[in-house]
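One chain, subunit A, links the two complexes that follow: it is found with subunit B in the first and with subunit C in the second.
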Partner chain A sequence: MARFLIKRIFSAVLTLFAVSVLTFLMFFALPRDPVSGMCPKNCNPERLERVRQELGLRDPLVTQYAGYMKGIFTGRDLGSAQGGRCDAPCLGWSYVNNEAVLDTITRVLPVTLSIVIPAAILWLLLGVGLGMVSALRRGTWLDRAAIGFSLTGASLQLYFVGAVLLMIFVYNLRWLPVPSYTSVFDNPVKWASGLVLSWIALAFLFSAIYARLSRAQMLETLSEDFVRTARAKGLAKPAVYGRHALRAAITPVVTIAGLDVGAALGGTVITETTFGIQGLGRTAVEAVRAGDLPTIMATVLISAVFVVLANVLVDLLYAAIDPRVRLG
Partner chain B sequence: MDRSDPAPSGEPDRPSVPEQRSGEDPYLRVNDLRVRFDTSDGVVRAVDGVSFSVQRGRTLGIVGESGSGKSVTSLAVLGLHEEKRTTITGEISVGGRQLVGLPEEEVRRLRGRDMAMIFQDPLSALHPYFTVGRQIAEAYRVHHPKAGKRAARQRAVDMLGRVGIPQPARRFDQYPHEFSGGMRQRAMIAMALVNDPDLLIADEPTTALDVTVQAQILDLLADLQAEFHSAIIMITHDLGVVSQIADEVLVMYGGRAVEHGSVEQVLRRPQHPYTWGLLSSVPSLHGDADADLVPIAGNPPSLINLPSGCAFHPRCRYADRNGDRSRTEVPQLRPAGGPGHLVACHLSADDRTRLYAEDIAHVGVAR
Partner chain C sequence: MRPRVAAAAGGAIALVVALGACSENTGEGTTVDTNRQQTGVIATDPKDSMGPAAEVAGAQKGGTFTIIRETPISHLDPQRTYSFAGLMANPLFARYLTTWKDDGKGGLVLVGDLAETPGTNVNSDCKVWEFKIKDGVKFEDGSAITAKEIAYGIARSFDPDLSGGPTYIQEWLADSPQFDTKWDFKKNKTSLPPGLTTPDDKTLRFEFAKPRCDLPFAVSLPTTAPLKADKDTGVNLDQRPFSSGPYKVAKNQAGVQLTLDRNPNWDPKTDPVRHQYPDQFVWSFGPTADAANNRVIADNGADQSALAWNYVPASLVAKVANDPALKSRSILSPTPSANQLVINTQRVTDLKIRQALNYAIDRDGLVKALGGQTVAAPMTTLMPPSTIGYKAYDAYPAGANGNVDKAKELLGGQTPELVFGAADSTTEQQMATQLKGNLERAGFKITIRNIPDDAKLDEVKKKNNPWDLYIGNWAADWPSGASILPVLYDGRTIKADGNSNQSYFNDAAINTEMDRILALPPTEQGPEWGKLDERIMKEHAPVVPLFVDVAYAVHGSKAGGIFISSVFGYPSFVNAHVKQ
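So, the complex of A and B:
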């Protein structure tokens, strides 16, 4: 198990390194001058040249990359125009936002986490629950209702569901305030009421896939020989379904869930845009639009970290669930 | 529907137990069992009026091709069929208790305690995510709720040792994939026997194993039977297995019993052309090594639309000997020669004796 863990973490680090190099190359080595994109008008050549110097764009690529990485791990000096000393983890300075990229990130990352984590819990419970119930009640009205629900969820788009939810609960019934972000540590009630619609919208769409997946998995597992063995032992139904069948059926769901959550943490652009909340996703899109290189770099890297972390987590969970995986 | 009544008048009440030892009632008694599944293609009559009984300490072999109803019969005894889509009628009496119609919860309490089952493929029949020991201990604790974890573990380790698994305490914590095929089947047997069941049903327990391991497992079952004095039903398509372990044999075809008798009777003086076919398709150790094996022509019948009359008639070489009878009339189990030997065939006793001697005897399996 320890060896498995070390191997997995090592390969994760390698992946992150590759992603950072690729991102760096893509944005800093493109033929287009990134600086001119940052201020399309009113920029005299002297100012552009100064920015280039400050960004280190005149240095060789390797030096630039080393500097960037050094900033992340030990911090570095960016010069007075970029806020001076930048402590680790330094992600650079954004001329567009006129602040350290790290400050932007620490502001918007909790927003995305606050949207994705509760939504993920909700969609997993709802999706897996529905899937299990409809598998065990196969062919009944309950099963058909669950399938109908999941088909609806799978065919709808978030901006539509979000808009409908907003219209009903915020503008017509006025049960909820206009969505906004408040830190959960400042006011948990306000935090929840400001985000609950985004959770519901995401959960509705995602749980659809999970309901179908876990229903199919459960049905397949129920026809397995070991489930029959469990019954032949004289185990009661809750133990047969809960302990023996569910454990085997849940494995693929765990995989998909890990990947989905990892991807969602990298930014839920449409959700954030629909509900007018500034999270990592919107920040990334705006940075791309503005050609804000340091911010783009940071958001891409953070998304990559989430995806890689989620993958490692999935592998560990897998090994915890299925002893046969530990051999590999 | 035709009843294949097991008891023609004049015969003792339970002719299905040949050479019955006097003084002991059969532990399992199945009478006129019928199992039907409702499917979208129609009603599958998987078992259609089968009767047999087994005493403690005795072994009944149920033989037949796939789809003959042998596994369905055993699953019905344990009540493992899906309730909604299955109709079971007839009698299944285990230790004097009638199981057909009993609430699921009561059957569940008997399962694993009074009657247990060994399945064909121990790799898929054991849960891949739990240790072997835990699965055995779990089987023990279901029926001994007062037993602590440690007691259950001790019991499981004892059982693993008893079925011949070396270092049972260490093997307890291993997973099924860390066991070899033979060891897995031993573990499966340990799990089935952990509660000292009086009835053990083994559904092709050696089919997934190689031949040397097969023999070991059969020996083990025989030893354990001597020790635990349980009734065993051995479901198999392998007449070699039957000859090794069974006391009596029930041959099934198309959901019905076609021949029933002691091992001696059925293997030495088989009466039904289907049994002849089974015997001719098995190589014999003592026979001519160059002799051709004779497969039974055709395929097992569809259980949704069974051939009229004798279900075996489309594949039977002798079906025309009685005019249309084979096609129109379902043969009933009738006494055939020896005491307790029953056969469901329209051929006359003389015909059967002569045809067997002429066509079959020289290629058949001899013990």
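So, the complex of A and C:
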């Protein structure tokens, strides 16, 4: 177990390093001058050049990269134009948002977490639930209805479902307020009512694949010997399905869920745009559009951390769920 | 002064000119009132600069006024403010040396804001200016605002860390575009830039090397907002500006929401333009233009007292224009942002060809192609109608749709081949295609060459650019001819790169006339610029005036007092109130 963890963490660090280097390099390949965004109207070439030097944009790439990495682990002095001393984990200063990138991230990350985590719980419950029901009631109208429902979800796009939900519940029926983010610690009711549509929309779309996957897995598992054995020795149905069959059937579902949740945390840009909520995804897209390297770096790295972490977590969960898996 | 590029994320460029007619929404439906013209003057009687501002009919105190906007405001720090949203938000929490009393109908008067009058031209040569500061003006902490804090605000605008704002005053004081190397703010925080002095707490004095007759206008920009040195948080002031206006920052969740509460230390008796009707102003960022407009149209809950900052998008224009209930909640007004077909006079040297271009253009067709009267209003002058001293004329009268015969007559059988450089943006492509069609009717042969959108402005500013025609846009920072004609048509300013004079027009007689007008007292310049405008078009036709941009905004049923600023062409909040 310890050996497995060390190996996984080592490969995770390598992945993150590669992502950070790639992002850094790609930014410099972009045909954009971040300085012209700082000083949009009346800067003459001499002044722009001074700004570039002050920001270190004329330093060699390796120096710039090393400075950035040093900032994350030990903090660094960014100079008065970028807010002065920046403590670790220093993600730099955004000259587009005019604030420390860490401040941006600490503001938008809870928003994305608030969208994705409840939505993921919802889509897992809904998806796996539907899958189980259809597997156990195979061939009945319930099976067909559940699969039809999930197929509909899978065929639609979030910006469409989102717009329809908004039109019905916010603008016509007026049951819900216009989506917005409130901290769950400030006002849990407002938090939920402001985000519930995004949860429903995401869950509706995502649950389809889980329903189909868990249905197929469940059917396969139900035909396996150990299930027959369990039933033959007289175990009650709930115990057979719940304790034995489900545990075996759910492993691939967990794999997909880990990837999905990790990816969703990194970029719910379509959800955020549809519902007009500013989270990590929109922040990332806006940063790319504005050529805001420090924010791009931070959002890409954080997304990468989520995906990598989710994968480690999935590997650990395997062992817990499926007795046949041993980590080593 | 700046050329305008479509406002994009990340503090893109914006520019403004003074605008023609601003029509306040009166509930009678909306039409663009193109007959209204600027009647701007500079107030000489100190009474005009005193508060309180006249009550707005029907306005009551209370409520929360919300402004929904897609992207955050690039800077809140007054010294760094230059975007339209910033320029319109700033007066809520910042006061300046002078400001515009704007009736929303084209009537503009420049009045003293923190100053008792719009300045004294001490030797009548525009080189020495004095401003007397009002009594009783205070910061949000109750401390008095004196000449020293205004001077400190101007001084910090020299700091290269605090980039982004207008640079007129800095350049004029330093007598150089490299003002931040002439005087280093960080090394001289306790002194003042060259030429700026405070003889006493009530007096602020500017001394310039050259005549700067537009100073009373230039100090109406947020550069002159006061700040106490011990409240200067450098680049962090953007998050939490220190208020001198009727509201102060209560909470700023950068990029999400800006909440402004009443500032109890603001004294209405000292303020000639601002009010303090709503309890609170909330700027809410994030929703797209479609979402924001849909919300305001739905008129639900808090959105009843909201304004969608982003103008009615094309997808909703028909809905808003055709619904009588929405008409009373919309504002339609021309802005000072003027668009021209710029003729590169270095390449198109034949006046007859330039005149023929003027005759051949179908302005009505162009406006329709762009989306109609909610997007653009035709113009035939160089200065937009809201400029002080504007003179209405049409040097090449060709009706609404152009006069092909007249153009052909001028061309005398020639078929000039011209290269049209067009940005690859949707709007410019639309315009280029439309204009090409117009011109080819008259016998021109037009080749459209595409230029990447983000490079176009830099490229056409290069003296030896390879195009004959391109679209130009200009909006001045104040509605004076001095901020338009010399900037765009003084040939002596032409350099290799970075030209605002994009027609590369240079005529000695016109240059001399500009010098003559610039030496007149600011109050007498207006009509002279109007006459020069017509003369340039009649004698030289360096551009084809096309249209001014039109503002089209919707607000909730309880939002009142919103009008389009005659100076910047965006919604002004000084009269905003929540109907109870």
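The rule is short, and it goes like this: the second predicted complex is superposed on the first by the 307 of 328 C-alpha atoms of A that agree within 3 Å, B and C clash if a C-alpha of one lies under 4 Å from a C-alpha of the other, contacts with A are read in each partner's own complex, and residues count from 1 in each chain.
Just so we're on the same page, contacts are C-beta pairs under 8 Å (C-beta built on N, C-alpha and C of every residue); 3 or more make two chains touch, one makes a residue touch a chain.
Remember, predicted model here, so these are calculated numbers, not experimental data.
Engineer: Look at where subunit B and subunit C land on subunit A after superposing the complexes, then choose clash or fit.
Structural biologist: fit
Engineer: Who does A:Ser11 touch here: subunit B (first), subunit C (second), both, or neither?
Structural biologist: Neither partner.
Engineer: Quick check for you: in the superposed arrangement, does A:Asp322 touch first (subunit B), second (subunit C), both or neither?
Structural biologist: Only subunit B; A:Asp322 stays clear of subunit C.
Engineer: A:Phe226 in the overlay: touching subunit B, subunit C, both, or neither? Say first, second, both or neither.
Structural biologist: first
Engineer: For A:Thr255, decide between first (touching subunit B), second (touching subunit C), both and neither.
Structural biologist: Touch partners of A:Thr255: none, neither subunit B nor subunit C.
Engineer: Touch test for A:Gln64: subunit B only (first), subunit C only (second), both, or neither?
Structural biologist: In the superposition, A:Gln64 contacts neither subunit B nor subunit C.
Engineer: If you count the residues of subunit A that each partner touches, which comes out higher, subunit B or subunit C?
Structural biologist: Counting residues of subunit A touched by each partner, the higher count goes to C.
Engineer: Please state, to the nearest 10 degrees, the angle that the Cα centres of subunit B and subunit C subtend at the Cα centre of subunit A after superposition.
Structural biologist: Spelled out: centre of subunit A as vertex, angle of 160 degrees.
Engineer: I'd like to know which partner A:Ser193 touches here: subunit B for first, subunit C for second, both or neither.
Structural biologist: The answer is neither, since A:Ser193 touches no partner chain.
Engineer: Between subunit B and subunit C, once the two complexes are placed on the common chain, what is the minimum CA to CA distance in Å?
Structural biologist: 49
Engineer: Can you name the residues of subunit C that touch subunit A in the complex?
Structural biologist: By the definition above, subunit C touches subunit A via 2, 8-15, 71-72, 74-75, 82, 160-161, 163-164, 166-167, 177-178, 180, 186, 234-236, 238-239, 253-256, 284-288, 291-292, 294-295, 298, 300-301, 303, 454, 497-498.
Engineer: Using the touch definition from the top, list the residues of subunit A that touch subunit B in their complex.
Structural biologist: 224-226, 228-236, 239, 244, 247-248, 321-324
Engineer: Per the contact definition, I'd like the list of subunit A residues that touch subunit C in the complex.
Structural biologist: By the definition above, subunit A touches subunit C via 32, 37-47, 50-51, 54, 80-84, 93, 96-99, 103-104, 107-108, 170-171, 174, 177-178, 180-181, 273, 276-278, 282-283, 286, 289-292.
Engineer: Which residues, counting only subunit B, touch subunit A once they are in their complex?
Structural biologist: Subunit B reaches subunit A through residues 78, 80, 105, 108-113, 116-117, 119, 121, 124-129, 131, 138-139, 142-143, 175, 177, 191.
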